[in-house]
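The next part holds the structures, each set out as structure tokens.
What follows is a pair of complexes built around subunit A, which joins subunit B in one and subunit C in the other.
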Partner chain A sequence: MTTPKIQPDFLIRLGNLDRRWLYLLLLVSLSLTLLYSPLFPDTPSAFTRPIFQRIEELSPGQSILVSLDYSPASAPEIEPMAFAVTRHLLVRGIRPVYVTLWPEGNNMLQEIRSQVIEVDFPALEEGRDWAALGFKSGGPLLINALRQDLSAMYTGDLRGVPLDSLTALGGAKKLADFPLIIAFSGGTPGLKEWILYGGDPTGTPVAGGCTGIGTPEFLAYFPVQLMGLLGGLKGASEYESALAARYPQRDFPRRAGRRMGPQTVAHVIVLLFLVLGNLSYLRRRSTTSGPSTPASGGTR
Partner chain B sequence: MKRLVPRVITSAVGILLILTAFIARPDEAGEGPWLVRAFAYIDRNFSVWFSILAVFAFILGGASLLKSHLSKIMQRRPDWPYSVVTLVSFLAVLVIGLFKLGGPPGLQGEVTDASAWFMVVFEALYEPLMSTLYAMLAFFVASAAYRAFRLRSLEATVLLFAAFVVMLGRTPLGTWLSDFLPKSLNFLRIDTMSMWIMRVPNVAGHRAVFIGIAVGVAALTLRVLLGRSSAEGDQA
Partner chain C sequence: MSTHIEVWIGAALTLMVLSFLWRDNPFYKFAEHLFVGVSAGYWMVMGFWSTLWPNGIVKLVPAAARVTDPGAELPPQEPLVIIPLMLGCIMLLRLWPRLSWLARWPTAFAVGTTLGYNLVRVVRSDFLAQIHATVAPGVLLASSTGGIDWVASVNQWLILLGTACGLIYFTYTRRGRGLRNGPARAGLLILMVAFGASFAYAVMGRVAVLVSRLHFLLGEWLGLV
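This part shows the complex of A and B:
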């Protein structure tokens, strides 16, 4: 006599789904969305608006400090916001002075030079309309030194031109001489150090951009110590939409806006599987009398 | 003596730097009474010295990497071929960067110049490798969300709900899905709820953690400065 084979119901079997199916679904969906690149409308949030507004209020010719503290790992999220803010500064005639606390920052600066400044603002001149001071080691204590004297750490820009000859600095000798510090941060040292060692002691307003996963941490400083925050790709997309609405004639690329499609699809798939995984878990729990096993999703 | 001297130096420098925070304000650098000027001088120069010392950390890091991987190769420990790849890559990039191959020569030659080989290595190898590693997180997060994020307790349920709302609220879909709601029900919009979760409970939690950490760090620093604990963490 053979025992009838009991088929576990669909929801329980779903809990044992091989993770490779999930990877495949994600890969196909993301690839298709990346190929199609839809552009979603976006509006600046309460975190984004203050940065845009502050830059709009600055007078043409003023210099602001921009720190590029990220590497290629976080560049897909942070680079679009660095590009958008650079475009905003340059279109308004404000002179960005780039520094970085990360060794890879000089390379990220090179990307801004080749993909933004040389393409959208070919008439601008390095040293006069913008400056690249580049990387110095020290992290928070570099900021501490700059707080008192820029020339304590930088004798010149990346090309070796002395600080005194860089008109883009607008005569700034120390951090407090800049009306705004913007730090794009992929980790430590980064935005947090600029807030604690740069903005707080000098009273200079600090704004910043960070990865999506870093956003909740930095919101603790908003809005007093941190006047505005571009959180992840969404923050960059919001900034791009604000820029497009204010300067429609320039038709700047919407790199973050185009990436919001894949991000939306990825979020929806994760949420979908979150729901399915929990339905499977609840079904499994209801069919067993004891507490559920942690391996509700199998181990494959 | 071997332990005492570093501790005395650590305590002296630490106390001096703490005092500079209270005495030398940035606006007073270069002016004011001699004490203020002296502390401003200390503050500025200690920061510069630290930045110079930090450069040596790169050399130390490189030496440490060479030592550990060479020993792994010599002893043929498990996965030693990966160490060969690490060392070859390290030395190749070091030579390309130090000698500024392909780029502007001389001390002032910029290593990130478009023509430099260093930039080619960065753009053709480092950048895609790092981006790929980071992008793979999406797959791991999706898998983890599916298999580990379970409604096991009330706390887990609240966390799951918050994650659901924030994730949806950070996409244009979240806005679109709740567009039908009238203005009087604005608080039920997904993007509004997402913003509230991030601005209120999240900020409250983070600030509590930050303040707790800060108090802990202050207490530990005090112990180190008073010689009750060493900077390495052992108890006196």
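This part shows the complex of A and C:
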């Protein structure tokens, strides 16, 4: 018994396409989109809105704790949201107090200082309008200590100015004195530790931002243990759009919004080839005669 | 085009790493080994100066604080720090086969304290609070109007049913037949949807990193963006 010879058609040949053509297509498409930098309209989701609303409800002069728990590896996703939230806080006159559970967090803080505060808010003064306490090791143990007493772990800010002289703290002595904790998290320790050891025991509302890959893990905590979540670049773009709609006169940069253009193009290409790949598989299976095998695309 | 040497080094290393998409090659290997080496060195130095030095050496010998900051106030001495320092040193005995058994003691101490420290919090936040949020009232009211929030209520029921079906799918004590088979299949479908959403988020994250690198190449390096 002979197996009939099958003429490979377009769909079957597509299934054998060298993946490097896909990489090339993705690279060219993303590069072209980046050159044009289109700004797609975006609206805040149900996860983003609570954070924006909460910050809008805070009174000018109040201090909130912001934890920068990310590094250059996760900065492409997290940094735009940290920038946008910092702009929102400072434009409202709310005083962010920056800490970090990651050693690289001090460098990320330096980026906020040089790219956001010094550029968009040059009149603001460190120690009075915002404070940088920086990195201390310990992760959950550090949060536990801050729950009892800020001065147990921090004697001063990164410049060495004593804690008592920092008016940006607004008299906060412990974690529960802050009306809100915002943690930007690229991994562990990060947002989860702030929920478990900071927010849950003290009742202080916790909001956060995380990488795309970490988002599903944190959705389980929303909205009871986590009041709002910025998930990946999309979350950052949503926050930027909310900020632009509320404060159009400030014309803040929209870094995440500009990068959602290439992101959208990449998603369309991935989806397209996902559909074509499945069609190719079905076509191959339908044209294969005889006992099906995994190698020939048969059923398993 | 950039005139800064560090931007050129960054661009060259980025291109070396991306060259792996074509095939494995010596340029990729060079970038990979360089990254591993630099990372190991960086973390060694960071671990020493950010953890061992301030939490160990300075607390044991307060005068050491002035090595990094000549104007620093001397902290009070904490002689008990010698205990964790000794435990840390004992952990290194694993490198000597005859004394390696001693390394089990600090390991047991670390595992025991970490477990005790985390157990209560994790049970409360990751277990009890999650159950409480899952079985919240079936009809939720809108905080603004006081009427029924239909979307939130339906979502709440979906979460409850989805969780129940997912748990039924993972119950292996009896073969899935009859009445149990329907919820188990629904649980499987819900798990598939959840895995799909997780994978989509992962794709979004990876693309964001790629876009950031391309932005660096086209913008900071070539000056086109």
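The rule we apply is simple: the second predicted complex is superposed on the first by the 281 of 300 C-alpha atoms of A that agree within 3 Å, B and C clash if a C-alpha of one lies under 4 Å from a C-alpha of the other, contacts with A are read in each partner's own complex, and residues count from 1 in each chain.
Everything below uses one rule, namely that contacts are C-beta pairs under 8 Å (C-beta built on N, C-alpha and C of every residue); 3 or more make two chains touch, one makes a residue touch a chain.
Keep in mind that this is a model prediction, so the values were computed, not measured.
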Side-by-side fit of subunit B and subunit C on subunit A, or clash: clash
Partner chain(s) touched by A:45 [first = subunit B, second = subunit C, both, neither]: first
A:76 touches, of subunit B and subunit C: first, second, both or neither? both
Contacts of A:270 with subunit B and subunit C, given as first, second, both or neither: both
Which superposed partner A:147 touches (first subunit B, second subunit C, both, neither): first
Which of subunit B and subunit C A:195 touches, first, second, both or neither: second
First (subunit B), second (subunit C), both or neither touched by A:245: neither
Subunit A residues touched by each partner, larger count belonging to subunit B or subunit C: B
First, second, both or neither for A:31, with subunit B first and subunit C second: second
Which of subunit B and subunit C A:119 touches, first, second, both or neither: neither
Touched partner set for A:107, first subunit B, second subunit C, both or neither: first
Subunit C-contacting residues of subunit A that also contact subunit B: 23, 26-27, 30, 73, 75-76, 137, 141, 160, 201, 212, 215-216, 220, 232, 234, 263, 266-267, 270
Of all residues in subunit B, those that touch subunit A in their complex: 25-27, 29, 40, 43-44, 46-48, 50-51, 54-55, 57-58, 108, 110-112, 114, 119, 122-123, 126-128, 130-131, 133-135, 138-139, 141-143, 145-152, 160, 163-164, 167-168, 170-173, 175, 195, 198-199, 202-203, 206-207, 210
Contact footprint of subunit A on subunit C as seen in their complex: 21-22, 46, 50-51, 54-55, 69, 71-73, 117-118, 121-122, 124-126, 129-130, 132-133, 194, 197-198, 201-205, 207-212, 214-215, 218-219, 224-225
Subunit C contact footprint on subunit A (complex, rising order): 20, 23, 26-27, 30-31, 34-35, 37, 73, 75-77, 103, 135, 137, 140-141, 155, 160, 195-197, 200-201, 211-213, 215-216, 220, 224-225, 231-234, 259, 262-263, 266-267, 270
Subunit A residues touching subunit B - in the complex, by the definition given at the top: 17, 19, 22-23, 26-27, 30, 40-43, 45-46, 71-76, 104, 106-107, 109-110, 114, 136-139, 141-142, 144-145, 147-149, 152-153, 158-160, 174-176, 201-202, 212, 215-217, 219-220, 222, 232, 234, 260, 263-264, 266-271, 273-274, 276-278, 281-282, 292, 296-298
